[in-house]
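Letters A, B, C and D name the chains as they come in the text, with residue numbers starting at 1 for each one.
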Amino acid sequence: MIIVLKSGTPSEEIERVSTEMCTWGLTPEKIVGKHKVVIGLVGETAELDPLRIQEISPWIEHVLRVEQPFKRASREYRHGEPSEVVVPTPNGEVIFGEGHDVVVVAGPCSVENESMIIETAQRVKAAGAKFLRGGAYKPRTSPYAFQGHGESALDLLAAAKAKTGLGIITEVMDAADLEKIAEVADVLQIGARNMQNFSLLKRVGAQPKPVLLKRGMSATIEEWLMAAEYILAAGNPNVILCERGIRTFDREYTRNTLDLAAIPVLRKLTHLPIMIDPSHGTGWAEFVPAMAKAAVAAGADALMIEVHPNPAKALSDGAQSLTPDQFDELMQVLQRPLVSLSR
Amino acid sequence: MIIVLKSGTPSEEIERVSTEMCTWGLTPEKIVGKHKVVIGLVGETAELDPLRIQEISPWIEHVLRVEQPFKRASREYRHGEPSEVVVPTPNGEVIFGEGHDVVVVAGPCSVENESMIIETAQRVKAAGAKFLRGGAYKPRTSPYAFQGHGESALDLLAAAKAKTGLGIITEVMDAADLEKIAEVADVLQIGARNMQNFSLLKRVGAQPKPVLLKRGMSATIEEWLMAAEYILAAGNPNVILCERGIRTFDREYTRNTLDLAAIPVLRKLTHLPIMIDPSHGTGWAEFVPAMAKAAVAAGADALMIEVHPNPAKALSDGAQSLTPDQFDELMQVLQRPLVSLSR
Amino acid sequence: MIIVLKSGTPSEEIERVSTEMCTWGLTPEKIVGKHKVVIGLVGETAELDPLRIQEISPWIEHVLRVEQPFKRASREYRHGEPSEVVVPTPNGEVIFGEGHDVVVVAGPCSVENESMIIETAQRVKAAGAKFLRGGAYKPRTSPYAFQGHGESALDLLAAAKAKTGLGIITEVMDAADLEKIAEVADVLQIGARNMQNFSLLKRVGAQPKPVLLKRGMSATIEEWLMAAEYILAAGNPNVILCERGIRTFDREYTRNTLDLAAIPVLRKLTHLPIMIDPSHGTGWAEFVPAMAKAAVAAGADALMIEVHPNPAKALSDGAQSLTPDQFDELMQVLQRPLVSLSR
Amino acid sequence: MIIVLKSGTPSEEIERVSTEMCTWGLTPEKIVGKHKVVIGLVGETAELDPLRIQEISPWIEHVLRVEQPFKRASREYRHGEPSEVVVPTPNGEVIFGEGHDVVVVAGPCSVENESMIIETAQRVKAAGAKFLRGGAYKPRTSPYAFQGHGESALDLLAAAKAKTGLGIITEVMDAADLEKIAEVADVLQIGARNMQNFSLLKRVGAQPKPVLLKRGMSATIEEWLMAAEYILAAGNPNVILCERGIRTFDREYTRNTLDLAAIPVLRKLTHLPIMIDPSHGTGWAEFVPAMAKAAVAAGADALMIEVHPNPAKALSDGAQSLTPDQFDELMQVLQRPLVSLSR
């Protein structure tokens, strides 16, 4: 349920209404939008009569029920206004969100060694990326496959950050690693395989770093938003959703099916920023540029693109990585307006 | 297998090589590209030694095996060159193919009555569409649902064509209707449900009108190209492929999952033109503009968009139809360059 | 809508009620069950008040609305009673339906030559099969693959029938072949790829031979029953449903995913007999026995099993064919009670 | 790679070969089968020449490469012999494995209160179940849904165990809860959503309690076996695989698609015991008996069935729970031989 306040409502009145709501056993959350202030209410609201709430203050414009099962994640919860995830990086604040510039995150699947991560960081920064991605802890199908360099990879990410000023995004697979990862990372990634690892979601929801939540391989849009809701409900409002391809019957020429319609669907349902990962989404470097362009045209707020100095020798996911030169070229294309019907 | 001829090969020599190939039991097909002439060979080539063919003329540059199971549909068969489907319409020739302007096909799901189809045709023409779509024979899940007005709808399409000069695209469900449909239609549509109706594919392959082949709901890219191969093998080289969404586990907010990665994948595998249908692909009018933009950005050669003067009262598929005004607006957006990373 | 009549309703009264319903613009169909007579009504019943119908005769017990979109195919339409499909064969009538013995249909994917089809027919008959299956017209993904021997294969099926007295089941792909196929076949098969070839469904619905309707590769249960409804609505009440595996993300070790839960689901929803095809359902002969046993245990009314005298040399689908010896062994297992928890 | 030893190989020789293998940098594991002793070898074996190993002892019969990516989980690793998971319970040892009686695990989705869990335990024991299932920690799509009673539920499970002597199976979602769960549980369950929570797999692999590994919603058979390999590789050989339905396009009448062909497929690929969960597999109590019978007929080693004293009031998954009476009835059916072709 949300309480929409009239413009000009004095802050003491907002405070008073919130306090009152607490006494009703609800958890109020103040959302300051561009035009309005909204108080989001979570708790046992099913039986509540909106009119009873309306009566508690003349500054209340209306009281609306959030119909979606995902409450805090729903667009309605912010009365239609998109949210922004603002991430401080050494190079300055980066804002993820509708209407802002598309943020590009780039880097290798895994952090392999110092020279490769530094070189990649420098190249992707030069091309216009704002964040470096790179796995320290890697979820691998086989226990015998390279599992990431762990802590030492975190040091290398820290070094790359120091050298380039880029923000760092890296995956958390285990709550036990959370603290040391959070020392380096500016955004914590929850991978597709852990999208419904509810224990982990609660943990990243209870710490302050923004969270990049990848869509599970066969998660419906609703399940994905419910997973985001776990993080939001635990107190962390900074969630970025990342579509990375879903699993379908056709896996011959692409590794996954990139569900770009998720962009307008999410835009309608949620206020959260939307990222697209065409690298995992297709699984092949040669298909990444077309899908990156499509994602931007469809309205994505961010892109995550794998870049590796030598994809043929990558310890993981080489086939889907662009070379730094290919990434340069793609960024140049993406910085110019895209083609229209006339071509 | 294909025979690539040197530039300047005299036409009698091309003739001679083709005739020779016939005596070997193969079916040669001359493909005149921008730079080269290629002779495609279909038949029992598995055991053939390319070198033996090479020897039959000094004008042969090389002889290459087509590795794909789809031979005539493969990009290799034309030695990498895209094909064009040229369709004469009252308003002039329209060319579908890589590098040409994106062709827009628009109109209602079903032809309902004269005024609606004429009005729609005039509006979509004014907005920039080159073809009118409209179903006379409709494949409906229920035998009790509206099955299309059949022959009388064909007359209305003819009237709309006469009034506007637009080309006509309409679906063939039954070989028995082929002749009368072909009198009106400029392009024959094979619907998703009939993509592997091999009898029908052979029939449309044996007549001269271009064919729009929609992807089956759960057809792999390879199966789809093999279906195109049925048409090509029957003698009709004019096939346009249309992605219209595949069936996946997630059908809550979209009717199908629009597989836009099919665009770069097909571009690599085949020379045939590629159309995207975001209306069926998403099932909801509100998601059509984002997906239309994405399709163009990803490199589609054509778009098919449902437009209905009054979607709320449509006899079929109203939810996914744009109004003429919404279509106008979308066409204006698509005629300008699309957004880049900066927005 | 259905009219349930009281036991002992005189036949003139049944006639009178039916005639009355015709005058109301409805199509009545008399269904004689074990305990009751029911009159099924198809047409514009949405606005009809059941009570108004009730009033027309004191012999009417109640009038019930069929809530499912598939009317004649629904279990409700027969007031809960299963239907039987009775097929005359030279060896006598064979009954498909709930509560009757499980009917086994066996034979090769394609009819290849006289000796193989006769030999197979004799072996499967000896093992207990009641029907011989064998393709004369084959739907093949590639236009270059063996397409079936067509008419001459029909002659061979006729010869096998004459020799063994088995009933014949073979596929119709094209309405143009219907007549000549119906001369030989006792049951006409509609393949998975044509499940929504509505023109063909209407045609087989308008002729008298029973129809075996295979489930489409990605057809929902409801779409499948709606396809059956096309046949029933066209006047043919003898439809057998055959589950043959659906398409899912996992195709590494099986060709399709055999959806055995379709058995209890269909049992609840429809009165039509249910067949399972574990050969296409798994794609591998080694997995057929386990799935055949499971199908029988789950309540299937019939099994379709591919048998080939020399699977390694089969012109199509060899990998999923049992040898006659393997089929013998399976039939012996299936004729004994299956294992319980103690083993 | 595995070393198959001749019968009668002296144990010192087995020891010696194992020690030698350690010096080669490999991890040997002794597997005592019914007829043979096999030494499994894991490590960098790709470059190793089997003949070189053969030479180290005249007692070596042959040295074979395990071709599957899952090594320890593969059937080849035990030279074709199935493994057994032996679980001590107050009522005695229960053996899961091919050829042994089918083990039935039953109980509610969640442990709700003392009387319900005790009552359920008594009823399912009386009917023939050997294990009580019941969730203390529940993975729920919504953060606002009942999340299980946690620790207090563990106490109730302990009480039910004390009262009935049944073994206990309950889910671990978080490594932090592992110890306290292991105090009560005889088998630890890893749920579908955590099948690729590799951190958790490593943790349950490093403790001694047997593990029930549910298949992920969209996990291929190979990914599932690789997940089992994580547990085996961490040192725990006692893994039971549980199929619980996969996610497909058709979710109208069943919640998931129960992939019973997984039974013969797994039987071929792995030595591990196989359990089927028809409750989650179908999502509806009315379809459970048919699928339980099918699972047993197809060769399952164990069944997991949800039973709740009052499904209509269950805090979770009521729709798929049998009542104790329905469970009784099902167990009686399953204890008698199942129907054959004649019925």
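The rule is simple: a contact is a pair of C-beta atoms (placed from the backbone, for glycine too) under 8 Å apart; a residue touches a chain by one contact, two chains touch by 3 or more.
From a predicted model like this one, the values you see are computed outputs, not experimental measurements.
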Residue-number overlap at the chain A/chain B interface, same or different (half cut): same
Furthest chain, CA centroid comparison against chain B: D
Interchain centroid distance [CA atoms averaged], chain A/chain B, Å: 37
Cα-centroid distance, chain A relative to chain C, in whole angstrom: 50
Two or more partner chains touched - positions in chain C: 218, 247-249
Complex contact set, residues of chain A against chain D: 42, 69, 71, 139-144, 173-176, 193-194, 196-200, 202, 217-218, 223, 226, 229-230, 233-234, 247
Contact set on chain C toward chain A in their complex: 218, 247-249, 251
Chain B - residues contacting chain A, complex: 99-102, 104, 128, 218, 220-222, 246, 248-250, 252-254, 257-261, 263-265, 267-269, 281-282, 286-287, 289-291, 293-299, 331, 334-343
